[in-house]
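I've put the structures underneath this note.
In what follows, chain A forms one complex with chain B and a second complex with chain C.
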Partner chain A sequence: MPYPKAAMTVDGPRGEPGRPPRSTTRDLERYAGLFATRTQGLRSSAMRDLMAVTARPEIISLAGGLPDTSTFSPALLGSLMRTVAEEASARALQYGPTEGLEEVKACIVEVMAEEDMRVDPDDLLVTAGGQQVIDLVCRTLLDPGDVVIAEGPTYPGAVPSLLAFQADVRQIPTDDDGMRIDALEETLAGLDREGRRPKFIYTIPSFQNPGGMTMSLERRRRLVAIAREREVLILEDNPYGLLRYEGDPQPTLRSLDGGDYVIYLGTFSKILSPGLRLGWTTAPRPILDKLNVGKQGADLCSSTFGQHFVAAYFAAQDWRAYLGTLVALYRRRRDAMLAALDEHLPPEATWTRPRGGLFIWARLPDYLDTTDLLARALREQVAFVPGRAAYLDGRGGSELRLNFSGVTEEDIHEGVRRIGRIVGEQVAMYSTLTGLEPVRPVSRETGDSAGGAGRVVPFHVKRRAG
Partner chain B sequence: MPYPKAAMTVDGPRGEPGRPPRSTTRDLERYAGLFATRTQGLRSSAMRDLMAVTARPEIISLAGGLPDTSTFSPALLGSLMRTVAEEASARALQYGPTEGLEEVKACIVEVMAEEDMRVDPDDLLVTAGGQQVIDLVCRTLLDPGDVVIAEGPTYPGAVPSLLAFQADVRQIPTDDDGMRIDALEETLAGLDREGRRPKFIYTIPSFQNPGGMTMSLERRRRLVAIAREREVLILEDNPYGLLRYEGDPQPTLRSLDGGDYVIYLGTFSKILSPGLRLGWTTAPRPILDKLNVGKQGADLCSSTFGQHFVAAYFAAQDWRAYLGTLVALYRRRRDAMLAALDEHLPPEATWTRPRGGLFIWARLPDYLDTTDLLARALREQVAFVPGRAAYLDGRGGSELRLNFSGVTEEDIHEGVRRIGRIVGEQVAMYSTLTGLEPVRPVSRETGDSAGGAGRVVPFHVKRRAG
Partner chain C sequence: MKVVVLKGGRSLERSVSLKSGARVEDALERLGHDVVGIDAGADLVDRLEAERPDVAFVAMHGREGEDGTVQELLELVGVPYTASGPSACIRCADKVLAKHLMRDAGVPTPDFHAFSETAFRELGAARALPAIEERLEFPIVVKPASGGSALGIKFAADAGAVPPALVAAFSYDAKVLLEAHIEGRDLAVSVLDGPDGPQALPVVEAIPRDAGPYDFEARYEIGRTAFTCPADLDAATTQEAQALALRVYELFGCYGFARVDLMLDTAANALFVLEVNAIPGLTETSLLPQAAEAAGVGFDELVARVLELARDRSVA
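Up next is the complex of A and B:
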């Protein structure tokens, strides 16, 4: 211990008498005055907090947004990294260009081509996952109070970025065809009257997180047309487009727009690995340049170590084959979850039937609060994301998000059974207390769905008073 | 190509007549109105731009801040990743907790202990390199116009973050003992008169980037005392503390302060690999919590893939032995650069003599502009960082940063020779044009240094009129 100890009395500046150091009690008050305004109201994402709780192995977590990384061959991981070590060790361990490695951009060009998009590698910026794109876009475009349009519900992970950059977020209602463009137009007209225009429209058009719904082609065309007409940017978040279990592929907004008003976000997280923290964006060049400068400040560059792994993987393997494995697996798990929901949730609940992606969104009767329910669920060793996490205005209180990609079929069934029992008890208790049937039960045989399969009722189209 | 094409005429909202899409010419003007105020004046870091230019192998780049990653055994990289693959493949490819993996926190505790710091793993946040800490601290603490104190010169990579969060940066002059605390006190007194107080004091006390100087123990104590007295936070950036080539270790500000007012930044970039993009921070708990929320928005978590590599490395290897290799290598390169500067730079130039770290900072006569000089240097296939990159107010025009860690001794000698020739020509031209000796030449034999070795004159203590 060659280090001198800190003086126990402190010399004040300019010869003022010293005073002893303050107590080391670390109270929020001492630092409270130092925080930026942007951190007020910033709360830890419900999802991230849940992630910590649900890391315990005894919990069946339907809360995560986790791909099943156990499907990736450990032997392949080992051999790919041996290749990286032999061919590029010093480069893989070194800093890289902010925009990303050319080899990785070539992989991205391939992935985007799979959804019929053509992109010049010079128009790409490799990022720390899709999350960083959302954050950099907010950082680059938002002054405090600027309006951002988002879907309701929206990706819970976008909330900390939107709040940090003090966005005035207007959430547009959704239905089974995605964002309701009629409601968007009403909102835009209202903003016109206020003399305001949104900085960008944030959307996950395909297999939305958390809603599970997919924007129809007609709405995609209208949305792109509105963006052009009004010169408003769209941030298209497309992590799940290739995880399609049924139905025809829809063109991305970027392919419809050609890239004039669409900032596109892609990621390796769902087709390869989220642990690499590698995603990308392509945007109109002046915006891309600003995003690049933002990234220089944020982290200099994305992990070259991970980028070399991606490049080695695409060079050695058929990434589409692995994607096919994931699609087949997640399709079975989605089907398992839909079957379990049908079996275990009381007739008062409704949920979406996603044609791809990772999530099902369920709605319980209005008198149930899913945040309260979660505490109960955790005691029963099962977790979900409460719906409020997907809204910035306190809505979503009776809704919840369920993930099926990261959980075995057995755990899906057991997890949903537990949730169903808790919900059933609450519904029964409500009935007993009020002496009322809470809502008209749906016939097991016929359902009242507008075209859904059996009781799989898209909640968005189910109209209820209140 | 199953995708429908975008309509060529566009339906306007609310039934307005459509109009054809605009030209796809991507002009800055179209998007200019959309950028956040914070992006005004934001420029690409000179260092990052240089990095792109100097990636060409024919260029001898003394511009980077690169460790020599070729010293890390490729075979070891391969075998460590085989271990990761065998023992933790699915976890290494998965999302992780925002605060970082416990295994990595244990490594950080070890590294910090090496500089006599004790830290509770719960007080650590694993970040995307040290850069992300700077950025998250700015994001968490700065409202537009808030004052930040920094050294002059300061780390060029901090500039994009400081500008992005609209800091009012006051740079305090430095000398061979680091930040001049008398000048700091003057600045603080001036701020008092304005009724302002800085949000934090940003400093790299040991082997500063870019200056190469190290803060004396007395100044460290005074700085920590001032922080306590005034309840001002310090951001201590310490990437190089363990890269010490001579002299006694100095206690970190964090160890002197105990962590009440010091936010500490460490990184694996210089002791292992920057390509992993892994660093860390420890801070008073209320601040750490806010930094964590900021990181959730920024990128969810740091690369678990890279974190597993770090954990495997620390488990399998003696990291201090590798550090010892780096120290021995970089010491030789520092000595080579000092010798080359002595041989090739004209007597009008002065430079620092760092006792550790990666950089030497040189000052040329005031009539030379190192930004102009760089263009000439690049034609001669050699690069450095012009001094203006290290100031926010245009100062530093006749200064430059030279890196010795990432370049062979041979290239150091040749690179400095080329720079010396260019500088010599410019000095001679100036003499010819003005008919004057530009400054009094320093005797080769005696020097006029205040205690330096031969002509190694710490420019900070050399007083010149103007």
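Up next is the complex of A and C:
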């Protein structure tokens, strides 16, 4: 395989050093020949072009997934940095153990206890955010073509990892009570017939990203039982569990299972700061050991500096109080978004009513394509995430994700108003084209059958005003 | 020479434009020019007046960059700029106008009908849809009147797919085009001006690798589409494609460079012009630089030539 030498030589008439020419078409073709086969699933897309525009400052972006870090006191940040410098300078600047610093593990034990989980510090691996856990689990468990079960919709950020490791992803439909276990059982039975078994089931049971829904206790119990019965692992992604705005906390899958079949993923991103890039996992011992080896290969250890910062923060501050501030703020923003949706979206649209987390998931009539809608929305200076980003199989074309945590109430209202207006226009245009009257809202009594999972709350259907 | 490179902007092709712009900037620096990149925004006129460049290299694609808006502004502030002027840009960017001009001039282009949102809203154009569908035959391509990428372009395989495709296209523009689909090969002929007038460059063929026949997106992604240049065509077809491209280039009054997209109907062995891009992509995977390379014109030379032409026009 010839290496692209041309890209490394200077061919301009002046041949000035310091600014090598960009590669030519032929070089790109040569580079393309060097890429691993598994990268071919990683597509750039029209959607990425659209998302490039959402970052512009004049756009009200409901497309992000950002915690509001402006709520953290800069003075506190400064004093914590000083503490780290004064008390642990040399250690903070040094490599650390792959599994993480003991001081941080103690903080993690405390955070997990808040959700009624008991964990031995020796069973923890500190990672570069929760995201690294997803990557490490894929790296550790997947051979090309292995089946992974995920929710539909699933966390868009997990998609690149799943694709990179060439997973055969089966997405299970969800409703307001989370993953539909009856549909999961059907999929598993179908796989049985093919003689296949999923390597793991990936789920965000609480305040799901992007769906906003929370898995009911009944379904959690069944899911854990299924994993046990079939000896299938669950990857429980729980970044938002503590961002609860109403309702009772649900036990985590890990606490229901005791840790035999659950790989648990937690993070400091949503309770402290995503910029620290610190998360963690706890998993059955043989898996944890393999994840540790994987992490050694990936990055040796997570930022020691960041870990010292976390330790200093937990020592000096009441982390629960800051969490309380965030919960109060995000609750107001969620309420603002729900009110705006009620006011501005046409009756054809439905959306989830999350009891926590950062996101609302909306469904429009299936004749509307939210990727195209985003192009229109951008002209009105507002952005969201088109639903296709949350599926690997092309579904989600009429769905969209809205973030409320990183946007002011004023912008939420204005952003939703603009989205509502263009959706209304498109619904009207479709009606004109088909000669149909816009659909009247129907009050659905139940969602799809949940196989005896108890009451199924339908996606919120807007009441018609007046 | 002091050259500003205009790139980015608010268009949906912003990311491609940023890549085109960066590549042009590098070439200009290698050519020894004093280069300033400008991401076109609300301060564009101020920036131009502050920088007082000798020439502006327009590396913007799509709305505002390719539709004559920026060119009009550059004329106003009196900065010479690369490639086509406002009127040619308008003719290229508005696919409906372009199709009409081609049809009137006898340039073969797929049969089409165009409508505005108002026609549907206020003039009951929806009633005409069945007749259109009958005339164009399925599958029909539905596209917004403006926009240079795959965004908003949809195939309608049957009557039921037309209304959602129209709604999607209206997301991008108030005017849409329903066009007969040509089954065949995807060709592009770039035209580059020079001392001896415009020259058609070798034909590029785009061959989707793992995409369905109706997957427009594949065309724009590295690795998903293979490009052959020169395309594997017989001499007569190559000549005809190049002659058609030149004819349209002159019909629209283009200047500097442009890219003409065509379809070769394999069954009828006939060529059809789809559209003209007044400011085609200049990235590593873009078709115009590939064609220039195949003709022995490297990227730096391409940039130098286009810049030269911009200066000549301002002098003339």
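In the analysis below, the second predicted complex is superposed on the first by the 400 of 466 C-alpha atoms of A that agree within 3 Å, B and C clash if a C-alpha of one lies under 4 Å from a C-alpha of the other, contacts with A are read in each partner's own complex, and residues count from 1 in each chain.
Rule of thumb we're sticking to: contacts are C-beta pairs under 8 Å (C-beta built on N, C-alpha and C of every residue); 3 or more make two chains touch, one makes a residue touch a chain.
These numbers were taken from a predicted model, which means no experiment stands behind them.
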Contacts of A:35 with chain B and chain C, given as first, second, both or neither: both
Which superposed partner A:321 touches (first chain B, second chain C, both, neither): neither
First (chain B), second (chain C), both or neither touched by A:141: first
Dominant contact partner of chain A by residue count, chain C or chain B: B
Contacts of A:367 with chain B and chain C, given as first, second, both or neither: second
Touched partner set for A:221, first chain B, second chain C, both or neither: first
Which of chain B and chain C A:50 touches, first, second, both or neither: second
First (chain B), second (chain C), both or neither touched by A:92: first
Partner chain in contact with A:230 - chain B first, chain C second, else both or neither: first
Residues of chain A that lie at the interface with chain B and also at the interface with chain C: 10-14, 16, 19, 21-22, 24, 26-28, 32, 35, 43-45, 48, 52
Chain A-facing residues of chain C, complex: 10-16, 18, 22-23, 26-27, 29-32, 117, 120-121, 126, 129, 149-152, 162-164, 166-172, 210, 217, 220-224, 227, 284-285, 289-290, 293, 298-300
Of all residues in chain A, those that touch chain C in their complex: 10-16, 19, 21-28, 32, 35, 40, 43-46, 48-50, 52-53, 56, 367-369, 372-373, 375-376, 378, 426, 429-430, 432-435
